[in-house]
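Below you'll find the structures, each written out as structure tokens.
Two complexes come next, and they have one chain in common, subunit A, joined by subunit B in the first and subunit C in the second.
Here is the complex of A and B:
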């Protein structure tokens, strides 16, 4: 039961070229919208074919016996071909994607990370009918209706996906494939520091305070997510780390915890990239240090806060893309 | 143990990912989750049997083909579905506590989960049993024991209860998790202390439409899943025994089993959705990362004594909470 990696819908794959990838698996709930879209597309095509045959049959009826049983036979063959080979053709020649999968951002690959082959695509699509079992017939609801098994329950596929590590349905197991989320790796956006108090406070953080890799990652996560939290919540979260830091840095006790954590982020990721010293404007000369507490004002003062908001952005965030991404890795 | 190295990956997820992660959890802990949910659901299932099984048994003796028998079977199906729907949060108490532990630990223990559930019995039975209408609905079903079909009691009342329950649960879907995992007091003389009411408001109100719509979509998906599962059970029984009729085995066995199975899945989905809401709204993952960093650098956590906006998730004794 114990596992080294945290439980998630991801799986590590090592390709035959010995390259390791981590894919996010698409389980049944992620695949369901794609299936419904493909279902709609298939029947749209079926209706289009039926219309085309009806028109062709109508035009040719005066020449031959194309209308009637022959056109019906073509129509039935068309339905069969579309329903059974739509997925095969798209997945084989569209890099593992059908229209539904493409719209939902998922695709099929081999379990070793290679692109799906036409043979695998055929196999997994032929076995779809088994995954949709057991199917209910229309006659269950009305004995007058034909006993066609057209209402799939999909329980076989669901149970199979639940029981396999790669969330594979029976078709996937037979074909050696899996469905993954086809998204680019998530990266942190660069936080834009537009508060002049941040570089001001960052300039007082002692130079001998070393930021570890884990601390850098924590700061990057905090800076990215703080915008989604209310100010009281930001302070509450930040205080867990900043209270002992304030003592260590010998800062005043009234320093805003959120501001201090954001300043650490600035110092870690942005300060070194700035080509010029930040223009502190009205904050020049103020100190957050406890020993300077007798001085007028400070970074926590409301008046200073208001003045600081008028100071323009002080750094070029574009220069920090690599640094932030590196920290996340 | 580092707080930011959880056993279940903590990150923002879409609703479909939440469903998939629920299946991953079921794949990882199939026996344990089944055992825990059966433990929680068994008393309720037995009570339902005592309250409702007389209906199909009586009708079976007289024959199931006449119109009156059909109405009585419909009555049984409606009441059984309603009771299971209302009882599921209370039946999932042990599972919820267990999953709370599973977030941080690779080997959570049923013993401690069951012990926590016992300690909080009075609290959750009052809030999830009475206020969420499970026990009042059972009392009404009990009053109607061995009574003939009555449209008011067997259609209007269940529909009214269902409607009220849907409104309550769609508004506060994560109350069971708050009661069992956050353990905020129900009342407090200290106005600064976070009570259950304040906490529920703080978590549900800012993302009310999102939480409500997610609940509705999840409920609709689970209804479809129930239909598929129930049909599959009937189908497998038909294949195995050759009996395809809608007899007592189906009514007394397969139907409640399908309802409780989907109920059990809903408990797992709700727990993950609760964590996801906390991550989205309160930056719970950020808090864990910051707390872990504080422990790494200074060896101990800074305790926030009062004025906490969002309590920590106290999943086991050594981690503390509010």
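Here is the complex of A and C:
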């Protein structure tokens, strides 16, 4: 497993329905902003509570002499509770997210994929103190500053994150939790084929050619990324795969490799398995086969390409693949 | 084989599931999607859509779906999974069970509690004796605590204890946040083991030296000092030892694995340490209330002593009576172990019974 596993940050989870799906782990660079946001929110709340109590205390002081110390007491307990249990309460009641995690799109779950339990949330938030160790004193940099001013360096947490498979800090290890990327928006991409030459060429691919799984995956990846490349680059990438295929299919040597890969993709994913011949339109009667090379035309011919482009349904070849996103509608 | 048509067919279901997820993420319910998804019907629809998406993901390889679509399905299933299996919120009953059932059992059985108690009270007694014995160990207490600190402590107890009642709540709040904070910090340091032991030993020695210094002859505030510490002493000192014990349990999980893998052992230790820490935090809060309301008051010394004895016996009851090992409560594992002889015996009796029946 360790040798074959890709060097990646995805982690597999098997659900009670016995379905395996994947999560992407969140590393330190996604978690630090979340922590900083939480820190800011915590102090914002503390200051807001202080202001509210100061105003309320000012009003109440006319009524009773108890209110001053009492509001002070509430304030102190409030600070204590917010500083120690902010993360616990949010993660336990907000489905594994604090405000910072929610804004950064990450979430805490148990290592077995179940949601975090309040006990785990408590433990991992208490142990943050140890993860932020050792504290660096600011007086190291400037002897003028008082030694009480310290900033936590977080080296313990960083080192454990780097050394564990699931990028867990100490608190995560003890609580059995991990932080994952929780993407909220995404789109369902489907490649559309608008080039009339593609079905034409696909109809010449021999029926006994079986496309393996690996080949299918390669074709899909190629079709998805194809429109990011310039035509010469496409040909260069595709040539490695198509040269043996042209031999095998007995096609003409000068056929466009990009077009061949694309029609293979069309045949694999988009064409109906029913053997109806595609409507070739003006392209009918042409053949890419090597034995027909002496006949007029062929798909690699310039004249044919021009003809294909003059057909109204055919769009610009550079934009033949469009990533259509209609997931939200 | 035609993936485009398949996707077209499934896409409506997927986007409906997505909308349901969105509604559940925002509100925790599916009502906002219209009358068709209100209440139980929405939940049923969500569950069936989730199962369908799971099935699609499982068959993705067989359908030879493009990798992008598989990624999309992974995320969709993960998102729905997060909504279906939400966090079980903590019930008060659960915390009650942790505090009054699990914690005493753990504390009674945990070797770390014994070690932490011996370290804390041993060092405390040693420092107190050394601090009190001015002739044998001159300047011990001064070196540990600093003579300024000791003078300050002495000066603050010169007057009889009589804090105005309106100050009580603020004092209690301060002790809650300060002392419980130290306890929680001590617990958290436990995962690195050494800082936890250091905090424990430091507190023991400083407290012991202060006590020793105050018990010397000729210290003016001594009577008031001991009157002050009597009431909350039992809760507070036990709580310090307990929080360190919880921390040590965490840290030991890394070394003492009991045959588990190191990560699993740490998780197990973490599970075990939480009840101990919860008990310790509860004791810190109780101690803080005592320290805030009873200790500084001008109540007669007898009341404070009575409360001290009561709290000590409550702690003893908690540890011994609730903590005494009971059948069934400590072992929640579904896998039962049995001795071989028991199995043979039960088989024999069963065989005998069936023989008698025929």
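In the analysis below, the second predicted complex is superposed on the first by the 243 of 329 C-alpha atoms of A that agree within 3 Å, B and C clash if a C-alpha of one lies under 4 Å from a C-alpha of the other, contacts with A are read in each partner's own complex, and residues count from 1 in each chain.
In this section, a contact is a pair of C-beta atoms (placed from the backbone, for glycine too) under 8 Å apart; a residue touches a chain by one contact, two chains touch by 3 or more.
Predicted model, so just to flag it, every value in this text is computed and none were measured.
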{"item": "If touched residues of subunit A are counted for subunit B and for subunit C, the larger one", "value": "C"}
{"item": "Partner chain(s) touched by A:232 [first = subunit B, second = subunit C, both, neither]", "value": "first"}
{"item": "Which superposed partner A:182 touches (first subunit B, second subunit C, both, neither)", "value": "second"}
{"item": "First (subunit B), second (subunit C), both or neither touched by A:33", "value": "first"}
{"item": "First, second, both or neither for A:126, with subunit B first and subunit C second", "value": "second"}
{"item": "Touched partner set for A:114, first subunit B, second subunit C, both or neither", "value": "second"}
{"item": "A:241 touches, of subunit B and subunit C: first, second, both or neither?", "value": "first"}
{"item": "Touching partner for A:221 - first (subunit B), second (subunit C), both, neither", "value": "both"}
{"item": "Contacts of A:25 with subunit B and subunit C, given as first, second, both or neither", "value": "first"}
{"item": "Common interface residues of subunit A - those touching subunit B in one complex and subunit C in the other", "value": "156, 164, 217, 221"}
{"item": "Sites on subunit C touched by subunit A in the complex", "value": "1-5, 7, 11, 14-15, 18, 25, 51, 54, 57-58, 61, 64, 66-69, 72-75, 77-79, 81-82, 85-90, 94, 98, 166-170, 172-174, 176-177, 180-181, 184-185, 187-192, 195, 250, 253, 263, 266-267, 269-271, 273-274, 277"}
{"item": "Contacting residues of subunit B [partner subunit A, same complex]", "value": "4-10, 14-21, 23-29, 106-107, 221, 225, 227-229, 231-232, 235-236, 280-283, 285-287, 289-294, 296-298, 301-302, 304, 307-310"}
{"item": "Residue numbers on subunit A that touch subunit B, as the complex places them", "value": "1-3, 6-10, 25-30, 32-33, 134, 136, 153-156, 158, 161-165, 167, 212, 214-215, 217-218, 221-222, 225-226, 228-230, 232-233, 236-241, 243-244, 261"}
{"item": "Subunit C contact footprint on subunit A (complex, rising order)", "value": "13, 15-17, 19, 21-23, 65-66, 68-70, 72-77, 79-80, 83-84, 91-93, 95-96, 107, 109, 113-120, 122-123, 126-130, 133, 156, 164, 170-171, 173-176, 182-184, 186-191, 213, 216-217, 220-221, 223-224, 268-273, 326-329"}
